[in-house]
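Consider the two complexes below, in which chain A is the common component and chain B and chain C are the respective partners.
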Partner chain A sequence: MSSSRIASPLRTLIAHELRTLRREGTFSTLLGIFSSVTLFSVFIGWSTRSTTIAIYAATVTTLKAAGVSHIAPNPLLGVSTLSIFNNLIIYTLLVGALLAIVIGHRSFVRDRKSGVVPLLLSRPAGRPLYIAGKLCGISAALLFILFSMFVVSALSTLLIPALHLSGGEFLSLAAFYTVSFLYLAFFAALGLLFGVYMSNESLALLAPVLVWIAVVFILPELSTGQNPVSLLNPVTLAHVPSSGTFFSSARAILSPFSFGQDYTALALHFLRISPGALDFGTILKLLVASTVAGAASMFALQKYSTTADQIA
Partner chain B sequence: MTSPTLTIAKKEYRDSARNALFITLAGFMVLLTAVSILVASFSFQAEVAQYNAALSQLTATQRAGAVIPAPSYYPLLMLRGTIEYLEIIGAVLAIVLGYLAIAKEKGSNTSRLLLTRPVSRAALIGGKVLGTSLLILTLLALLEGFIILSITAIGHVAFSSPELLKLTLSFSYTYFYLLFFFCFSAALTLFFKDLPRALLLSFALWLVFVLIIPQIGDTMDPDNQVPGGFFASMHTTQDQQHAIIAQFQNYENFRNALEVSSIEKHYERLVFATLGIKGMYNDKSLGYIMGDKWPDLALLLAFYIAGVGAAFLFASNKRIMASSP
Partner chain C sequence: MKPKQSEGDSPAIEVRGVTHAYNGHTVLHDLNLSIPAGEIFGFLGHNGAGKTTTMSILTTLLRQTAGEVKIAGFDTLSQSIEVRKRIGYLPENVTFYNDLTVYENLAYFARLSGVEEIDAKIDETLAFLDFRGVEHKRLKTFSKGMRQRIGIAQAILHDPAVLFLDEPTSGLDPMGIKNLRDIILRLNRERGMTIFMNTHLLSEVGKTCTSIGVLSMGKLIYTDTMEHTRRKYPDEASLEEIYVRMETAETS
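And now, the complex of A and B:
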């Protein structure tokens, strides 16, 4: 089969996936949610930062009036302006991942419920191309949404006079959205995988959500000793993990599966909240995880029986 | 002869207890409790090891007289992670139960049959609320038993009577919190004809009220802007801190308004105070804690009543029978 003959059905499948997302209103809903979340996050970040700077000034006045001669420098000095986007890390970690799961889940379950899967799989395009089309369509939608979030973030910094990002900071912001895509693509592929693999619709949605809970809450808690709610504070996230043999052993064992911590570490680095060199291995790990989840859904579809194509 | 409410309650209890989704989530909740207790005990162990190392260093340098506070063991303080998981995952469990309670009738059209029988709508919803209440109470009792056994085994110290009372009271508050989410999800499932949309909306509101709003309130706290605390890094006294914050009352009011709009924050404040997780309430009497925290209890109950009220309010014949084509 020539490459152009393969590319054509793939393009059709991608276009169909995007069209369905648009027709269902999913695309506009997601775009609306993510754009609002970005604007809201910028407002919260800016308001908190400017209030804390004012509180520092008030603290200096109070301490001087109390006769204190040695006053600590402003702890926010040297913190990059990009840190005002820190809430976006949490929203991507929570809201983004859950929405990505829902998109991936619905992508196959929708076809399955409408009974078109046996018909689609009888076409010469083949099973791997069918899943590849779904994965590429979902990825294209996620990329467009994240690009829109980047544009909203960039424009919002122009609206607030106190916020001026340098060229390097804009690049860092773009890198933050790129790693966010890798993280979201992993969960979207996971939603698709369980949608193909499980016959019960509710359990097919619950299974990736349980994986998400493990990735976002359980693994970080086991390897750092932090409580679940502390893991939702970007400042605490950048804090040093707990010491002790148990936690260091848990970190070593769980490290290959700690995608949530990998994502937050990269996001904190790109938003310049956490110092230190960039770990390219972590980016590669997220890329491999998304690819493996996508490949697993292709494998699940190979085993999929069209004669038992029922969903409960 | 049993009343229709009791019959429906029994059926609801039996159905939910056998549901794969409920069993998976309840099992997951037990796993999360075990993980959080394990993590808390290892964190305490690490704290004790650090204390012993510091003490031997002081002894070696012949400064044994220097005082460093020894870490104190309070079994209820080991439950911070468990309570936070009940706040987050417990609410998901309750939402799933609320959705299933209504969706199974709407989806299989049994609601039409039920309404031909001499069963009032109040009895139908009342039975579902009662059955789920019993199921949640059973789950919480099992969880409390598991906590008592595991903490006693790990810490080798038995719970005192006041501690047991505080634990039981905290789990009673948890019932009200979880039942709010059950009723809230059931009300949305009754309201919408499209069942998946009702479930998605329930989860969207869960995200907003359980994760996002409390998270915003927390990250907007000026003291949380620096690891270890902003005021600790500035070496200010408590009085100075209060005087400084008083100058930013509008900001604090906005932050507080965000937090109090969420039932999760009232539940957390109440339970953290009762269990002594919030430092200033540790080892205090229940009377003292209630004297301070009654507004949170009142608001938790108000949310609960509003949730139950909404479930009854949306239970019209038209809505009970309306289902996706």
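And now, the complex of A and C:
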């Protein structure tokens, strides 16, 4: 036995969520997956960069031997070392969002399948606090995973001398993981929302995946005219979208919901791949979207009937 | 032990004009009920009569369409947190987190109920239920009867004034039923809890309850003390015959 003093219900709910994720093995699996993709990303980025530099050096030697005096400077000189992490944008956009949906979905469905929801909702803590506890627990798990990714990224750059990062670049890297958290928190809250709202477990998982497809692929495609593959490519994303009446109208209506594009734009900014000023409005939009999805989960639980579950 | 008193000495459970409908179908019709503190109330009715819906409303899990419910003097809609502090609830077919131990499950529910000395309270509750020594076992290895005891434990950890039991004997063997009956009687006598029990096991009602109510198709067709009920129906040999007579009269 471990404790005897009173603990706040919110702390209890958060601790329970984290303990369950740990016991299920979800936490260690996610930590393993995300740490591995970070290492892969660093390796791929470093190897690409080293190869490009080696090719440039070889070309310079050849050109000098041929008597060429005016040689263009190394194109990588103006590119931040942070760009080696660009693969992480795609991993987070695709795998990260789907895993966040699964965590959010499982959080409520696990309780429902265990049959403990009536026991929990008949406690003084109340329904909003129950959802708040789940959201905080999931957020804490995501933050820990992203912090671990940051540590892995930072250690990798420290261990490979060719990948030196300045203090400002370390801060940019931290900002990249912060916006990644906002993006993942939105999908985790969405998973929780549909888990509460829909009694059919499969549909409750399918619905947020459909929303993810919409906000990452369909809406940006309708508002830019770019095909799904090019939407995943940070280089083509930086290009000017298609013009014309349809696309400008669609962009005006749909771009506020193109969270995938928003995340990519912010990630490109913080990894210093895309030039330009930071759009704080986009950060705020991701924050608002996560908050609204969380609040909607609370609302869905207010409407949730334990009686229907028990009778069923 | 004296029964736990309600706010302003009001009845432990007071239901006034409660109606509930969902999907356009009325499942409870103008329910009125007053249960004084210290009673063991048996709520009888066939499957689908509306017993679980009534219990969900009384335990604040469901909002009634119309009417008022007070538990220990507190309104279930406007003072739901106060109500929840004073009730314990054991649903039908109670289940827990199977991968957690008995202690972890009970400690979790105790914390959410605001229990202070958790270790001492769990120890005391398991001792009361004659169930010590299982604290570190995982629930997935437990039988229905053992789960039911843990279910009772989670419901009484915070020493509630009113205990709601939904079909508590469902699926138990005869020994399990007897043990549960003894626990219910001791909770009422030694801890002063008012007990509201949904059941359709009439033999248990006769042995345990001090008053009964009969629900048929969402309507409360009868309520009185067991003593008066027996006096009212002196010719009937068993409670089962009384119940059948009431139901037959209602449906005809």
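Going forward, the second predicted complex is superposed on the first by the 277 of 312 C-alpha atoms of A that agree within 3 Å, B and C clash if a C-alpha of one lies under 4 Å from a C-alpha of the other, contacts with A are read in each partner's own complex, and residues count from 1 in each chain.
Here, a residue touches a chain if its C-beta (ideal position, glycine included) is under 8 Å from a C-beta of that chain, and two chains touch if they have at least 3 such contacts.
What you are looking at is a predicted structure, and each value in this text was computed from that prediction instead of being measured.
**Student:** Who does A:Leu13 touch here: chain B (first), chain C (second), both, or neither?
**Tutor:** So A:Leu13 only meets chain C here.
**Student:** Examine A:Pro124 and indicate which partner it touches, taking first as chain B and second as chain C; both and neither are also allowed.
**Tutor:** A:Pro124: touches chain C, not chain B.
**Student:** More chain A residues touched by chain B or by chain C?
**Tutor:** Looking at chain B versus chain C, the one contacting more residues of chain A is B.
**Student:** For A:Arg23, select first, second, both or neither according to whether it touches chain B, chain C, the two together, or no partner.
**Tutor:** In the superposed model, A:Arg23 contacts chain C only, not chain B.
**Student:** Show me the residue ranges of chain B that touch chain A in the complex, using the header's touch definition.
**Tutor:** Chain B residues touching chain A: 20-21, 24-25, 28, 32, 35-36, 39, 42-43, 45-46, 49-50, 80-81, 84-85, 87-89, 92, 96, 200, 203, 207, 211-212, 214-216, 218-220, 222, 224-227, 230-231, 233-236, 240, 243-245, 247-248, 251.
**Student:** Considering only the defined contacts, which chain A positions touch chain C in the complex?
**Tutor:** Those residues of chain A that touch chain C are 1-7, 9, 12-13, 16, 20, 23-24, 114-116, 118-126, 305-307, 310-311.
**Student:** Which residues, counting only chain C, touch chain A once they are in their complex?
**Tutor:** Spelled out, the residues of chain C in touch with chain A are 22, 52-53, 56, 59-62, 80-81, 84-85, 87, 89, 91-100, 103, 107-109, 111-120, 122, 135, 154, 166.
**Student:** Which residues of chain A touch chain B in the complex?
**Tutor:** 44, 47-49, 51-52, 54-56, 58-59, 62-63, 66, 68, 71-72, 75-76, 86-87, 90-91, 94-95, 98, 102, 200, 202-203, 206, 209-210, 213, 217-218, 221-222, 225, 227-229, 232-236, 238-239, 242-244, 246-247
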